[in-house]
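In this document, chain identifiers A, B, C, D, E and F correspond to the written order of the chains, with residue numbering beginning at 1 in each.
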Amino acid sequence: MTLVSFGETALRFAPPEGHRFETAREVSLRADGTASNVATTASRLGTESVWLSKLPDTPLGRRVVAELHEHGLETEVVWSDDGDRQGLTFYEDAAPPREDRLIQDRERVAAATITPGELPMDVIQAADVVFAAGSTAALSDTAAETLGAVLRATSGARALDLDFDPGLWDADTARERLERLFDAVDVLFLNEDEATTVFDRSGSPRELTHTLASSYDFDYVFLTRSEHGAVAYHDGVVHERDAIETDIVDSSGQHDAFVGAVIDRLIAGSATDEALLYGVAAAALARTMPGPLVPIEAGEVAALVDRETSGRR
Amino acid sequence: MTLVSFGETALRFAPPEGHRFETAREVSLRADGTASNVATTASRLGTESVWLSKLPDTPLGRRVVAELHEHGLETEVVWSDDGDRQGLTFYEDAAPPREDRLIQDRERVAAATITPGELPMDVIQAADVVFAAGSTAALSDTAAETLGAVLRATSGARALDLDFDPGLWDADTARERLERLFDAVDVLFLNEDEATTVFDRSGSPRELTHTLASSYDFDYVFLTRSEHGAVAYHDGVVHERDAIETDIVDSSGQHDAFVGAVIDRLIAGSATDEALLYGVAAAALARTMPGPLVPIEAGEVAALVDRETSGRR
Amino acid sequence: MTLVSFGETALRFAPPEGHRFETAREVSLRADGTASNVATTASRLGTESVWLSKLPDTPLGRRVVAELHEHGLETEVVWSDDGDRQGLTFYEDAAPPREDRLIQDRERVAAATITPGELPMDVIQAADVVFAAGSTAALSDTAAETLGAVLRATSGARALDLDFDPGLWDADTARERLERLFDAVDVLFLNEDEATTVFDRSGSPRELTHTLASSYDFDYVFLTRSEHGAVAYHDGVVHERDAIETDIVDSSGQHDAFVGAVIDRLIAGSATDEALLYGVAAAALARTMPGPLVPIEAGEVAALVDRETSGRR
Amino acid sequence: MTLVSFGETALRFAPPEGHRFETAREVSLRADGTASNVATTASRLGTESVWLSKLPDTPLGRRVVAELHEHGLETEVVWSDDGDRQGLTFYEDAAPPREDRLIQDRERVAAATITPGELPMDVIQAADVVFAAGSTAALSDTAAETLGAVLRATSGARALDLDFDPGLWDADTARERLERLFDAVDVLFLNEDEATTVFDRSGSPRELTHTLASSYDFDYVFLTRSEHGAVAYHDGVVHERDAIETDIVDSSGQHDAFVGAVIDRLIAGSATDEALLYGVAAAALARTMPGPLVPIEAGEVAALVDRETSGRR
Amino acid sequence: MTLVSFGETALRFAPPEGHRFETAREVSLRADGTASNVATTASRLGTESVWLSKLPDTPLGRRVVAELHEHGLETEVVWSDDGDRQGLTFYEDAAPPREDRLIQDRERVAAATITPGELPMDVIQAADVVFAAGSTAALSDTAAETLGAVLRATSGARALDLDFDPGLWDADTARERLERLFDAVDVLFLNEDEATTVFDRSGSPRELTHTLASSYDFDYVFLTRSEHGAVAYHDGVVHERDAIETDIVDSSGQHDAFVGAVIDRLIAGSATDEALLYGVAAAALARTMPGPLVPIEAGEVAALVDRETSGRR
Amino acid sequence: MTLVSFGETALRFAPPEGHRFETAREVSLRADGTASNVATTASRLGTESVWLSKLPDTPLGRRVVAELHEHGLETEVVWSDDGDRQGLTFYEDAAPPREDRLIQDRERVAAATITPGELPMDVIQAADVVFAAGSTAALSDTAAETLGAVLRATSGARALDLDFDPGLWDADTARERLERLFDAVDVLFLNEDEATTVFDRSGSPRELTHTLASSYDFDYVFLTRSEHGAVAYHDGVVHERDAIETDIVDSSGQHDAFVGAVIDRLIAGSATDEALLYGVAAAALARTMPGPLVPIEAGEVAALVDRETSGRR
């Protein structure tokens, strides 16, 4: 396997656009997890990818896998029969200035009990890139240790998305626990909010990216700024890209699509600025698609990149 | 009861967004009346509120009350068994420059036969604020007289929303009949269109507000201007506020949310400009929610007011 | 025109199957009137047909015509601009033993003001069959007189469906007013309930049919008994047919489909028992289709008749 | 208050009829708890009723209350801010012989922490009937003790529904813990399955009912048998009633509707066999309505009882 | 008949807004063909119109006609029993910068076999305007010849819409085959893309319009530029109009609505610039309505034209 | 691979239950092909399975694979870029006595061009069972020859489902072409209608099964009779089983579920009567699930078999 992606995936319930749970009678159901979202995008763009996680062997757990398979993603799931819960989230999307709401309901989920012994370590070892979602470390000490073990087990590159959610843990705890893993991380992904909240640092995006890379000795840092574009650090240089302007259908999948596209390009050997451009293009397309898990096609990312590069519209 | 709100509430049928009745096969069904919309917002923001009206004792009449209860509003309804009709409206929302359509079908509705003797006059007497929707006076002479009796019965403040609809009566009749009530009105709510149509006056919003207050000796006049903000007159001073910029999901609930929030603040003892700001914030949130009856929460109005006041975004 | 069908058509609102208006948020919208239902079935089976009525020139009135045209029915509508209402009904279908509910809201509808002078009398005169729905006589004296004038104007056969609804008028009034028209009626359609309610007669269906024909000197009487079949009187003979057994999707269109098919056959010159069989077959197919206006095809009625006749299944 | 009903209420998610979570994308959302279902039916039939419980102060907790209010039920809710969960269930309905599935997800719910001190004991004391759902005792020792305290606090009659679910606790634990409460129970409700599973007893329904009443000295025992009717014991006599035959839309609300109707009748002073008949009639109507919380009307229960008594159909 | 419109109409399947066929489970179904879209708009605006085409006598063919009739359009259809296919398209709408997709599936459709002998040539001969959709010539040589025969058969004006789709034929073939018809064309409609793709010409819209008119000796050329307005050539003069600004619900019907409105005006004797303005107004309204076949009303086009002319908003 | 399943899979469009295409606006979209349905059931029951076919490389072709992957089926697809079509069907389900309709639109589909050289012959060679859908031979001579080549290539058992559809070819052609393959078929699946239509034979199901086995020297013949059960021939003995009684949600998946379960059991080494029982149980469960591709679980088939065997209900 070229990309091995590790982390919990929840089922996300959401009322129709603009509505609230308080008066909702019908809600949509979608698999939503950074690790599986990222692997799905990378897989759709051409990188051989597999998602590793642990789920309860219930209709809810099987629901997660069915949706990932529908998108063509390969999965290696540890199925739990011990009464562990399926992680759930409840999402109310809102038009600005009203704020989105994300209620976390992820206590005692199956992934909180995952141990290195349950994972296919040979697959992890042989991967080109191992990617992990930082939020998984919030589930339990066991999960946090397994996450560390996964990153340390590979001979490939190690990528981590901060994936911080205040409903799971507070910023200080998150920083402390994740910092212990940073020596095993080559590529860090985060968004602008996380940079200020988790690391409690201020400064321009360029400065933040540079500082984080220096402080923790990362090879790459990619920082997304939604409609303001993205910034990348590598080898002492900071690259910056504006977002591609789009109509917005649903912005919830854009960051993970960015990450998936960047990883796909890094594995393909692209230079940092090219990877950044592909990430920005994938994020733009993701904003035009409903849901967190988006059916992006390689051809349309390439076409958009081409359009941006050539300046034609 | 702190707020007593009096007026007819219709059932509103509407085809899906952008569609027309001509080719619609499924339509939505919502309770829609200024008096109940306003009381619902005030109640959700913390003011003890009750809605008074008369409805037919049929599945349609019960439908109205069920939706108001769902939002937590208390109701005191006179149930009619005399074959009176339920008020109906048929609404086609349209993207500009196409114009919304609202077909009124409110002949012979139960509320047209309401008399003061049917109402809990002690509750009205003891209210801090009695609010009435001017459109109710269009239903019949009986309803118009009862509306006047309700306003005159209280020892609290009297508020009236002009709530003019050309499908119910013409502007001259509306003005004539409502003017007879103005001596019993302390607070007038209206929107900019109504100011020009019903009162046939021109001038800037500031001027209109001031003139109306002077002409009829109102304590307060609140004039809403949808995406252009709102204006308030009190005690010789005119206050003005820009609208808070929003994505627009459905603008049909914004005016009534404004009124509900202003009343909530006036009862709480806020100054005019603070009440105006809360009204503008509630209207902004209402534009991000579908339907005329919106599930606004006190916390998010306060947060938005705070954001506006502090200048942070 | 071969068949001219005269009568009011309402818009019928209904919540989803098994649900009630009290808690419904989405309702379906369908054109529903005996005269247009019957003409649609006859037209779909091959009889050149036109529906005559009066509607308000509003989106609701146009909605009625759009649905009839969709089924291929020709219409001649008098459009009213005088603020007349569109007839409405509110229907809650219910599984037995719970009873269906039909709320009539048909005061002041456009068809109540229709006069013979507004109708194309030459078309009526030349028809092979003129059909009228008795319920139209409940709308107003004007409508009742026009209904009589329509029946008397033709040189073809005159057919009337009793189409009694207790929400429109009481049984005694209905009988009295309709009896005045019976001298101008050659063919009477009714269902078993109407026979007992309106005519206050008891007896077996065979007896009822025979007695009604004798009392009022009808050429034909067709009496439907839903899942118990139908009975026909003509020329001193009573014919009887069991219903064809079906799964039931929606039984609301079965009677009118029966009438449409019988008229189609009588115009084609079929004998009474053959017309009865076609009516029973059309009613059976209508029970398998949702809604009051059903997309029956001539070929499938013929196939079902053939199956019944041959005894094959 | 005449009826005070105590117990947890969950949010129930369910895919469309016949579908599974594994492939579902849209699911319905309904409040479902025996205590609130029963109180809703009693309230709709005319008994003044209030539901007592504890919920998290989140959009999910508020969703529960909104639906109960929509049905006109009064509520007294202890709102928890401590991060307690909202109880959830996941329901797959299935046509026979496929079996329904109900997945319980009720760990750490707010109601598990409820204490007598949080409840309005004066209201409980003064009630005519206090009803409790046995399943609430499965949530925690605290909840079980509070349930006992509620039953012991009233000077009215005490009713308990066994409400056993194998996904919450095993039969032996349930029996042991509930037996400790039986001295404070005057009226027991259960269904046939629970009689055999929880009490591990065999015998005819008449025998089971009689034996349970004798063993635990209940005043009344009501045992429901879905499409086979129900049995009641009181004062040494066993009454039995066949179910009223119905088309089945959704059978999930029938038992609780039975209980609500029986309690309404007992409070009204009905004899046992009359209460039983009303229960059976309410259950029949509930089978024709979708969902666990059904909009039954007093008039239609009375009409159905009348039809059964008179033998007319 | 005043307008006779000739051309194939497909059934268009489309997933919900923003979604893709890859993961869609429900798709909408709409009749979509330039000839029927144009005739529907002209008919709704008041021009007596009929659509001529050939369809398979199947449920899919009948579906096309039912939708056109619903919009009040008259049709003269040659029904094929020879196993010919119904033309299908599969449409994925996308928010920019993602591009819409239109998959053509129109091999062996019934309209490909249509011959002049099957058409009512007397109706064509007597029309004021005969309109044809150029795409029909892509179906087969037979269809292309019949299209030519139709244009040549009338004594009225001949209008052609280029209606080029790269999924049907390539630009060179299209130009070659259509050029053979241009001597029988008085009025040409096209959009800006087609001007460059099919004719391989560059230049400003004004220049393109003028050049095309000169090259092929058209009386009129109308060129639409979606949100950039439209240009018209007649009698040596080029007229230009900006688009009327709108919120965009669905832009797929705008070009055909433009054409229908222009033809309606030309038949009414309007000058070129007035026809252009009506076309631009109809296109604006069409952008606010979902689907390719839009329920525009004459009154609202006139009101919008009036607003534009008077400068009031 | 244990089971290799070969054959075309279409996309099936269907209006909502009871509705017709003529008036439908929303239709469902499902992958439907005997080869993939059978492999999906076998795979869900535990047999390692792969589906082999050819599809166009378009959104429609990818849609087929996405749905199969969602059900966990492995696929080996030859992707065609040559403009081949995706096979389509249009299905109207109908309640009896109205008959279902299935319109075939499968000309020029990608699978019609499939050649043995495109297939992974080593996988086919090594399979325990190779299954093929007879309908694939109707697509073209090429497809028919490839189907033969697939059956002849394996060293495992060869199973064929007759899968006859009169919309694809006539019975005589089907019989002639399929008979040429019968020497390479060990196990034949068919339903009762096909036995009489394709083979033009009469007799009891037992006789038909026996005769077909003798005439063509099949090892096994399995004949399904929907609600009348199924019959199996093997080794000179005919086994018969009644259907398990069910409520019917959708009967369209029952035959293929039967076949999948029988193959799963034969591969597991079950005796004929046991395989037959599992087939009947899977068919029963399939009737309770919507759509042609059903999410059956191994556990529930086993439980139903156990219930049938033990006689408990």
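Keep in mind that, in the parts below, contacts are C-beta pairs under 8 Å (C-beta built on N, C-alpha and C of every residue); 3 or more make two chains touch, one makes a residue touch a chain.
Since we're looking at a predicted model, the values are computed, not measured.
Participant: If I list every residue number at the interface of subunit C and subunit D, are over half of them used by both copies, so same, or under half, so different?
Facilitator: Mostly different residues form this interface, as fewer than half of the numbers used are common to both chains.
Participant: Does C-E or A-D have more contacting C-beta pairs?
Facilitator: A-D
Participant: Please compute the C-alpha centroid of subunit E, do the same for subunit F, then give the distance between them in whole Å.
Facilitator: That gives a centre separation of 44 Å.
Participant: I'd like to verify one number: the distance from the centre of subunit A to the centre of subunit C, where each centre is the average of its C-alpha atoms, in whole angstrom.
Facilitator: 62
Participant: Give the residues of subunit B touching no fewer than two other chains, as numbers and ranges.
Facilitator: Within subunit B, residues 20, 22-23, 25, 66, 70-71 contact more than one other chain.
Participant: Going by the touch rule stated at the top, which chains touch which?
Facilitator: Touch list across chains, by label: A-B, A-D, A-E, A-F, B-C, B-D, B-E, C-D, C-E, C-F, D-F, E-F.
Participant: Can you name the residues of subunit D that touch subunit B in the complex?
Facilitator: Where subunit D meets subunit B, its residues are 65-67, 69-72.
Participant: In the complex, go through subunit F and note every residue touching subunit C.
Facilitator: Touch list, subunit F to subunit C: 17-20, 22-23, 94-99.
Participant: For subunit E, which residues are in contact with subunit F within the complex?
Facilitator: Going through subunit E, the ones touching subunit F are 13, 20-30, 58-60, 62-63, 66, 85-86, 88, 90, 92, 101, 103, 105, 107-108.
Participant: Along subunit D, where are the residues that touch subunit C in the complex?
Facilitator: 70-71, 244-250, 284-285, 287-290, 295, 300, 303-304, 307
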